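Per-chain numbering from 1; labels A, B, C and D assigned in written order.
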Amino acid sequence: MARDFLRYGMVGGLGFIGAVHRAANRFDFKTELVAGCFSRSEEKNKEAADTFNVERVYSDYKEMARKEAELEDGIDFVSVVTPNVAHYEICKEFLLNGINVVCEKPLCFTIEQAKELKKIAEEKDLMFGVTYTYMGYPMVKLAKQMVEEGKIGKIINVNAEYPQEWLIDALNGDSSTTAKLSGWRSDPAVAGAANCIGDIGTHIENVVAYVTGLKIKRVAAAVDYFGQDLDLNANILVEYDNGARGVYWCSQVSMGHYNDLVFRIFGTNGSIEWHQENPEYLKVCLRNKPMEYYYRGTGNIYGNALANQRVPSGHVEGFHVAFANIYRAYGKALLKKMNGEELTKEDMDFPTVDDGLEGVKFITACVESGKKDSEWVTL
Amino acid sequence: MARDFLRYGMVGGLGFIGAVHRAANRFDFKTELVAGCFSRSEEKNKEAADTFNVERVYSDYKEMARKEAELEDGIDFVSVVTPNVAHYEICKEFLLNGINVVCEKPLCFTIEQAKELKKIAEEKDLMFGVTYTYMGYPMVKLAKQMVEEGKIGKIINVNAEYPQEWLIDALNGDSSTTAKLSGWRSDPAVAGAANCIGDIGTHIENVVAYVTGLKIKRVAAAVDYFGQDLDLNANILVEYDNGARGVYWCSQVSMGHYNDLVFRIFGTNGSIEWHQENPEYLKVCLRNKPMEYYYRGTGNIYGNALANQRVPSGHVEGFHVAFANIYRAYGKALLKKMNGEELTKEDMDFPTVDDGLEGVKFITACVESGKKDSEWVTL
Amino acid sequence: MARDFLRYGMVGGLGFIGAVHRAANRFDFKTELVAGCFSRSEEKNKEAADTFNVERVYSDYKEMARKEAELEDGIDFVSVVTPNVAHYEICKEFLLNGINVVCEKPLCFTIEQAKELKKIAEEKDLMFGVTYTYMGYPMVKLAKQMVEEGKIGKIINVNAEYPQEWLIDALNGDSSTTAKLSGWRSDPAVAGAANCIGDIGTHIENVVAYVTGLKIKRVAAAVDYFGQDLDLNANILVEYDNGARGVYWCSQVSMGHYNDLVFRIFGTNGSIEWHQENPEYLKVCLRNKPMEYYYRGTGNIYGNALANQRVPSGHVEGFHVAFANIYRAYGKALLKKMNGEELTKEDMDFPTVDDGLEGVKFITACVESGKKDSEWVTL
Amino acid sequence: MARDFLRYGMVGGLGFIGAVHRAANRFDFKTELVAGCFSRSEEKNKEAADTFNVERVYSDYKEMARKEAELEDGIDFVSVVTPNVAHYEICKEFLLNGINVVCEKPLCFTIEQAKELKKIAEEKDLMFGVTYTYMGYPMVKLAKQMVEEGKIGKIINVNAEYPQEWLIDALNGDSSTTAKLSGWRSDPAVAGAANCIGDIGTHIENVVAYVTGLKIKRVAAAVDYFGQDLDLNANILVEYDNGARGVYWCSQVSMGHYNDLVFRIFGTNGSIEWHQENPEYLKVCLRNKPMEYYYRGTGNIYGNALANQRVPSGHVEGFHVAFANIYRAYGKALLKKMNGEELTKEDMDFPTVDDGLEGVKFITACVESGKKDSEWVTL
């Protein structure tokens, strides 16, 4: 009988984003959380399992990977929602045990690690998702479609940014606040080579690549550390393989911006603009036409964007729903694969280990350019 | 042992809003859907039960009420998500069987029905929620708090509106489109005395009453039917018990507005404004201060608004999350009650049968005023 | 030889709006201020004349009217920029002396006065402008054109408002501040039957009538005095001659609104929206199209809207320029008339004594309805 | 007797910006246009003089400079409003004849020319204004004040941009349209080393320098020519003397942007943001406070910003008024100087030849960096 339901496990996930992963998985009655290794603290681990009604709780992710692989009704995939440093080892462990993976971004610390994970996943024929959330928004999908259709012509310039304000206290010597706020993200041993670029800069890279289909050739980055071990702000010149250029800006110390991912794509025939903090519309400006705003849920939405809508226009589908869309796409594809069906390009419309690898390349190049006084660094 | 988990059933719920009810209930790992009577079509009913993994599926809601009441692990509450006409009978049936209720708005057709439902719920000591969604948004709660604190002074004027565009085709003679779009909402036998006022005008009444604490004394309504059986647009003068006045406008034929609930409350010392289509901020204008925007998730949010937040600022919490907040509050209160704990005013921060009754009064008065060439009608 | 230049005089004009009249007249090198009776204070009158390089300064407007009429190079028109109470007498005096008039709004206190002024102007064949400024904005003209072309279909509803905050202190018992702020506007002997409706409500009436071409049949107004002699806030149900209805709201006690004239016109095929505080664009929402924003100065502007533009898009043409457009149109028409040329409908695209009369009718009806507990009052 | 009135002449000025110069000068009854050399075409020159009521019309600017210098009532200053290539020679000629100058930006082609003009002006003790318009907006002045007061702390990052769309056709091979649109601006012989950077990029440099008080140390520019002789788009990394960094972006091929100068200044304690296309407010975000919007004309405006206001809040003061503010400040300072009064720092609050020089340095450095594959170039 064809499978129509997935069991999954979680490693980590007691921060806010873990709750989002779980809610996202529950939107569609297609996945159930059945196993977990939620915390190194035995107490927290148990408590979490209780709260989530999870019976199979493990204190060691390796044991979890091994045992779940042996169970007949073991997990079909694992969600890895730990601090960055652990992604590589955990993903690898589950892959080696033959279990599909969804991992938070950034995928891992080094390009080598990312390539290795990709290689194992391919060799083992496993499905590997990476939660670059913003690909899940219908209006981002509409933007991608419009670019593909040539609506804005050949792309000539990109201006994209992702400013936040939450680490501003780091600039004001308030280390306790900083510690409280930032936790592991500003510790190189846990976060990796970058903080700001790794946490949010990589989202810019991902969403622009998704929408434009362009590959970055090289970057020239002015990376600001403001006396900290890891970066808090970066202005990055970007050059794409088609010769177009642009600027990415990410920041965690920019007052008045909360989670303000914005992209503006300019072509020879028009432009497209999207704001994550108000995600329901797409601004489209074409030659010889008035400025247009496409709204989610209206009759002007089509294709994959339409397929990813859940409620009528004006009922805002926010962050959780975008996340749910990622998991729904991943889950659908995984079920098809498990049932031996052919996967189409549309089926694979979710972020994979390839996106994860591109992200690590981008982070690595930006950090290197920053160290070299903003020299161009090829990806 | 104290209960910490609820079982619920659903009657109806195969439209888009039913999916929202279910997703909302699943956000918090505290309620599970275990029984349902989803459709009069046996096939659709079964299919739905399958999809939602619901074992106890009923073809008759009366049977469901009776049987669930007898089960040891029967449902703790029922969600009624049917067309308006059925609300009264279904709610009554479950109440009479001793089962708590959550019902979609408008609660029922007549003031008498609403009063009867309220009376039964009180007599049976049952908890009765009515899903006036917009009370669930943190920023609406912040608005309420600010008004209570006297931040904007004494309220002198209210301007609130809820325009939509989705029935515009009714004005263009496209009856097939209209039929497809509007379904039962424009049929008096199914929708009740009002379409537009009943479906969305009532939301204005509810959210303004919640935020301001004011009671409407009388209304003078210009209700537009445009040749249809039920109203499609209404401009309503409102007078409150404190002498302040205002205007409510609801419409389903206003191009460019999707689900555009907006309230602006004006006081002797300032004003407060909120937009449902961009629900993450509150505009606050006080004497002798620059215009202020409060954003959800920032350090400026406090009290019950803060308690209803789930993710950091800038990660938009949309319609589903507001709905989840309603169910979370209802569920928490119900669990406390079931466990014999004292319920505080804070515990009861969700829409109840009282809100349902007020809604019916408002609808009734507006329709009457409209029939009387906009005479003032007292509620 | 054909006249290509106008001489004008001013009565009053030492408040802020007088300066706007003068700057507006100087934009186009077509009119020169050559005579004035700027103040009852001899000192201020002289000082003003000095500042404006005006040689012919009069201490009495009657003398001014008489003498200027006798001069060979006397003024071609007079601008009346005094408190409301004086409009009627002054306009009449100049008209009777055969001098063309531009008068501030509201034109006068009573319908009879307005009709009399109109009659004299017609009998004497004089040109009578009334400075309803907002007709001067290019994007308002574009809105009018679009409605005329049937772009939004038959009009079914209008929502228009003009809230300000500057008299808020009147609600807080700060009479000195109020006095300072409001001056004569809240004194019935000087302002007339209405304050808020007369000063700004009348602008709503004018701009909506201009854009829609609809005539108001009757109004039902809730007028708020808050203990003052004259109104500070009004919510007004409106019914037009085509059966459509709407709401107008004007206020001087609404914190967060400065001069916030907004109209939204809804038709069977679409809607049009304009904001005076950001006057460079028009929001247009049509069935089966994405939401559109037309920007002044772009290739999408045409007709009379185009003809009233002065600088490229994005270089904001504000309040002074709208005023200049009114005077330019008035001046052009007057020159054509003086030169014996035929006047077209396009030539007369500025507010006249007819607009002035309509304004007085509207004010009168609203005040009456307010006194009658919001009964419908026919205009 | 003290002078209280200025006579000025104009060279060039038959494009749209010339009309703005003239209207700006007429706002305040303090300057009169009395001489001109408006065009090389004798016919256009005469016609312009007629239109502007100017008696002293010259066909040669050198003759104009010489003759006006000799007249007792000759011009007090000249406005140079020609294509860029002529600025240097014309300014020099008038300076050498002892006549004060206001010149359009960019000041001239080379740093040497700019330094020479500055030197002559100083030696001759003449007042030299350069019309960097955006310094004239009250809200830009408010931003400057707030930065000076330390409201946003130490500046750490700047993000500023000036995109336009008007040359988009150049990318679509429509040379006739391009020619019509761009005229001399894309011809190196007439425009100088840069088109986009020279025309609008220089405005970014100027307004940011004015607001922040920071000096640019070096730039790394990605300059896009898209096959044209001069630049159409540039992304520029900037480093200031205080170590802070930022990005400037200017473009003439970005659909959906008309004249969209925006600056966002980020400090350790807050941020400030201003949009030229909606110039009446300033967005201010400070730590531990809700987001604030300061509006022109309200009680929250103070200092020099307040002094530069003309009409109450909500009556938009647009581009012409900003220009008028520049001329009013220049004129006031010139009159004080001519009357032998001491000039304060406040008196000199307008753009001078120093701003002109900084602009040329910036343009030169950006072009050079662009040629060197975005290497850092020191100013």
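Everything below uses one rule, namely that a residue touches a chain if its C-beta (ideal position, glycine included) is under 8 Å from a C-beta of that chain, and two chains touch if they have at least 3 such contacts.
In this text, all values refer to a predicted model and were calculated from it rather than measured experimentally.
Note on interfaces A-C and B-C: more C-beta pairs are in contact across B-C. Residue-numbered contact pairs of A-D overlap by over half with those of B-C, the repeat interface among A-B, B-D or B-C. Computed from the mean C-alpha positions, the centre of chain C lies at a distance of 34 Å from the centre of chain D. In whole angstrom, the spacing between the mean C-alpha positions of chain A and chain C is 55.
For the pair chain B and chain C, the distance between mean C-alpha positions equals 43 Å. Looking at chain A, residues 291, 295, 298 sit in touch with two or more other chains. On chain C, the positions that touch chain B within their shared complex are 152-153, 156-157, 159, 161, 165, 168-169, 171-172, 220, 222, 224, 226, 233, 235, 237, 239, 245-247, 249, 251, 253-256, 264, 266-271, 273, 283, 285-287, 291, 373-374, 376. Per the touch definition, chain B reaches chain A in the complex via residues 16, 19-20, 22-23, 26-27, 29, 51-53, 164, 166, 257-260, 276-280, 295, 297-298, 310-321. Of all residues in chain C, those touching chain A in their complex are 281, 284, 288-295, 298-300.
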